[in-house]
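Given below, in the form of structure tokens, are the structures.
Below are two complexes that have chain A in common, paired first with chain B and then with chain C.
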Partner chain A sequence: MKHTLAVLVENKSGVLSRVASLFSRRGYNIDSLAVGVTEDPEISRMTIVVQGNDQVLEQVTKQLNKLVDVIKVSDIGADDAVERELALIKVSADVTERAEIIQIANIFRARIVDVAPKSITVEVTGDESKINAIEKLLRQFGIKEMVRTGKIALIRGPKKV
Partner chain B sequence: MKHTLAVLVENKSGVLSRVASLFSRRGYNIDSLAVGVTEDPEISRMTIVVQGNDQVLEQVTKQLNKLVDVIKVSDIGADDAVERELALIKVSADVTERAEIIQIANIFRARIVDVAPKSITVEVTGDESKINAIEKLLRQFGIKEMVRTGKIALIRGPKKV
Partner chain C sequence: MTTGSTEKVNGARALIRCLEEEGVDTIFGYPGGQIIPFYNELYDSNLRHILVRHEQAAAHAADGYARATGKTGVCVSTSGPGATNLVTGIATAYMDSVPIVALTGQVPTFLIGNDAFQEADITGITQPITKHNYLIQDAKELPRIVKEAFHIASTGRPGPVLIDLPKDVQNAEIDFYYPDKVELRGYKPTYKGNVQQIKRAAEEIANSCMPIIYAGGGVISSNASAELLELAETINAPVTTTLMGIGSIPTEHPLYVGMLGMHGSKYANYAVQESDLIIAVGARFDDRVTGKLESFAPNARVIHIDVDPAEISKNVKVHIPIVGDAKQILRSLNKHICRCNSGAWLEKINQWKKEYPLSYKQVSPDIVMPQFVIEQISEACKDAIIVTEVGQHQMWAAQFFKYKEPRTFITSGGLGTMGYGFPAAIGAKVGRPDKTVINIAGDGSFQMNSQELATAVQNDIPVVSVILNNGYLGMVRQWQELFYDRRYSHTFIKGSVDFVKLAEAYGALGLRAEKPSEVRPAIEEAVRSGRPAVVEVIVECEANVYPMVPAGAAINEILDIEEHADTPCAMPDLRTATADRVLDLEEQ
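This part shows the complex of A and B:
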């Protein structure tokens, strides 16, 4: 089972290394990790997607809370959260294929961010399944290159993590 | 000076930890890091923004290339790259403030992804300065919570990293 953890940490060097090594020492597999600043420049927020049952999750949370730079760890359930990921996908495309790719992009509310004679680059946001779906459709043209941010999430409504 | 590194790595557990500890041991400061799968499920792509002059960059690149799970390291110059980041921003908003927030979101081509009686959540993609700009504008209403993915980037045109 996949869990999404929101981890608030002090914005100091070495924190990422300590968090990542905690997961790797214990053999917990990170599906994705994204880290960026928050509304408070002193605090960064890591969004970590980790595989495991409830027991693994409890252990991970306990271990993370022991780290001195970790401020708060929350498990964000998918039911009541806005979950988003960003992907940039560069697709092989000559002039004749462009229209069809633009049509697919429109259906997925994706944006065309670069066009060259032999390629077109698409920016898409959504949950994992949406990004997988557009990736699958674009694969027929040939995906030259793709980069994804990993998931970020916020609880719905006014509540904070 | 900020550099954006695209690091292709084997999709194995422990890679993130080795990369992160390389930066922390040497005292190189990571501004942001995003890691996700690529068009090849065996390969993950890390996008790392690091501060430093050309000498620091050369050393980081050399050290990364020494790691066994690192396949390729490329410095993506801002001039010829599409750079994007994703942010979710939860803003305090009662009914009377909603219209103004929606107007700001429209100007930035941001999307409203959740509305509650006392809050509104906005999804925005763009380069760092665009996200900083909308954050600054929304700050007047009170930002309850913000999460950012960190930057991802692709070179413009058909070329790959």
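This part shows the complex of A and C:
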């Protein structure tokens, strides 16, 4: 099962490596990890998507909490949360294919951010399934390159992690 | 003291001031280029510095000091090779939750990342084996970081903390100010157990007829022995300990059933397997203890008291977890408990005790059995602190010495580090000069840090090492004998060195015992001499440690000596062994 963890950490050098090495050392699998600063410049927030049953999740949470630089760990998978990922997808496209790609992008409310004679770059945000869906559709044209940010998430409503 | 006021000093001087503020009186270390500023300031300070002969020994000595005293041990090294030499010692302390602070020199901040001379990324290297570590990038942060380091090392579940000190940080001038508080929002250990959980535990205990208390190293590190004993005696339950928990209850206490697990007593393992309630205190259900997990204590409910929430239900499902400090929790638990209906259960256990005592066979009257040596030490040095190396001798030391109080059995349990014992014994003796300190060693292990004889002699630290010389890396040989068809691949080490001459070469006292009658006098002479001493005892070469739970078996599938009769010793001596090898080569 997949879980989404929101991990508040000290915004210091070395913290990312402590968290990442904990996962590899203890044999936990990270699906994605996104990190950035929060409303408090001294605190960073990591959103970690991790695979595992409840027991694994419990161990991951406890082990993360043992890191001195980790301030708080919350599993927000069960909450009603806004979840987003951003992807940039560079698609092979000659002049004849452009229109169709633009049409697909429009349906997904994606944006065209770069056009070149033989390629077109699409920027799309959404949850994982939406991005998977557009990726699948664009594959027929040939995806030259793709980059995804990994999931970030906020609980809906006034509740904080 | 100057807490509160400020004064201009360099980083190195500031560090010494911090150590003094923390109440440190002794440090163990070895100098080098990137830590010279610190040593330069040390020259004028009142801190006692024990110069070791290898940095690994500095870490082990700090660890032995910490385990013997309950205080935080401190070790120091230079950057690069000095720092990497500390690694085994830090990992050893980490696995056994021992509070030490390791200080390492580092290349100047502007060279970090440059592959500079003697640069090693020691914070990266030690990340998985420290509770926390720091690279100080600005000397102004030094006092705060040192304060935090000592706090983190010694509180919650204790453990090693490393501080990496670039040379320019040691030289930089700062306004010295030692904070009196730490502010760590990500580090808040729980001490007081949840009251509801404690009450539920008490109910569980009241309903049990076959309880057993399973005590680990946490009882010793939280100084909870008295509370543990009160619990055991009030509810009338047997107590078993892990290797790390030895000493938390006197060996001869009628409720004590000895160590459990791989080389535990038969009766401890039987009792755990049949119990209906396990009260685990400061123990972590390690694989050496549980054997095959699926068949571990099938009928038992489990109460688990531990300061580290991550240990709860890590290996064994826990019914009543209580997170917090063992001493505090036991204190409040003891207010809610009453005597269990455990009479029949204790009778059954006492029957097992009679039926399956810890024992060994005397192979022949002239040969010294290794277990006999431990019994002799136990009688000759009743109140000693016993430190061990790693191997068969370690298990015999656990089984056959009669411990009376906590912090008198010091051993590398989690990592099983050969070479730990001697430097740890030096640290223990420095911390407890009033105590006789005996290092029970194997001939293999002792050679991993025998250079520390120089440290003991130079600093006049009268530690006695009793080497059980069986001519083998015995514990590995035992496995080869039992599970690998007696193919003794590279475990034969007889004739490595004359240990008596080795001791004498360093200026220590060297004695040898070859017959049973010589053992006791040699030990007594060594202790009486008041000097660093080595007693080499030539022991039966193929004695095995029993009982034994084979790897992967359930802990009641425990083998005893009769089930694996020892065959007479068939060890070639070194000369013929070499001759054979020469012959082999010629034939080829």
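What we mean here is this: the second predicted complex is superposed on the first by the 159 of 161 C-alpha atoms of A that agree within 3 Å, B and C clash if a C-alpha of one lies under 4 Å from a C-alpha of the other, contacts with A are read in each partner's own complex, and residues count from 1 in each chain.
Methods note: a contact is a pair of C-beta atoms (placed from the backbone, for glycine too) under 8 Å apart; a residue touches a chain by one contact, two chains touch by 3 or more.
Because the structure is predicted, anything quoted here is derived from the model rather than measured.
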Look at A:99 in the shared chain and tell me whether it touches chain B only, chain C only, both, or neither; answer first, second, both or neither. neither
Thinking of the overlay built on chain A, is A:21 touched by chain B (first), by chain C (second), by both, or by neither? both
Quick one: is A:55 in contact with chain B, with chain C, with both, or with neither? Answer first, second, both or neither. second
In the overlaid three-chain picture, which partner chain does A:68 touch, first (chain B) or second (chain C), both, or neither? second
For A:10, decide between first (touching chain B), second (touching chain C), both and neither. second
Winner on chain A touched-residue count between chain B and chain C: chain B
Applying the document's definition of touch, where does A:160 land relative to chain B and chain C: first, second, both, or neither? first
In the overlaid three-chain picture, which partner chain does A:37 touch, first (chain B) or second (chain C), both, or neither? first
Shared contact residues on chain A, chain B side and chain C side combined as an intersection? 14, 17, 21, 25
Interface residues, chain B side, partner chain A - complex: 6, 13-14, 16-17, 20-21, 23-25, 27-30, 32-39, 45, 47, 82, 84-88, 90, 92, 113-114, 116-119, 121, 123, 125, 135, 143-150, 152-154, 156-158, 160-161
Complex contacts: residues of chain A adjacent to chain C: 9-10, 14, 17-18, 21, 25, 55, 58-59, 62-63, 65-71
Can you name the residues of chain C that touch chain A in the complex? 123-124, 127-128, 131-132, 135, 152, 184-187, 308-310, 312-314
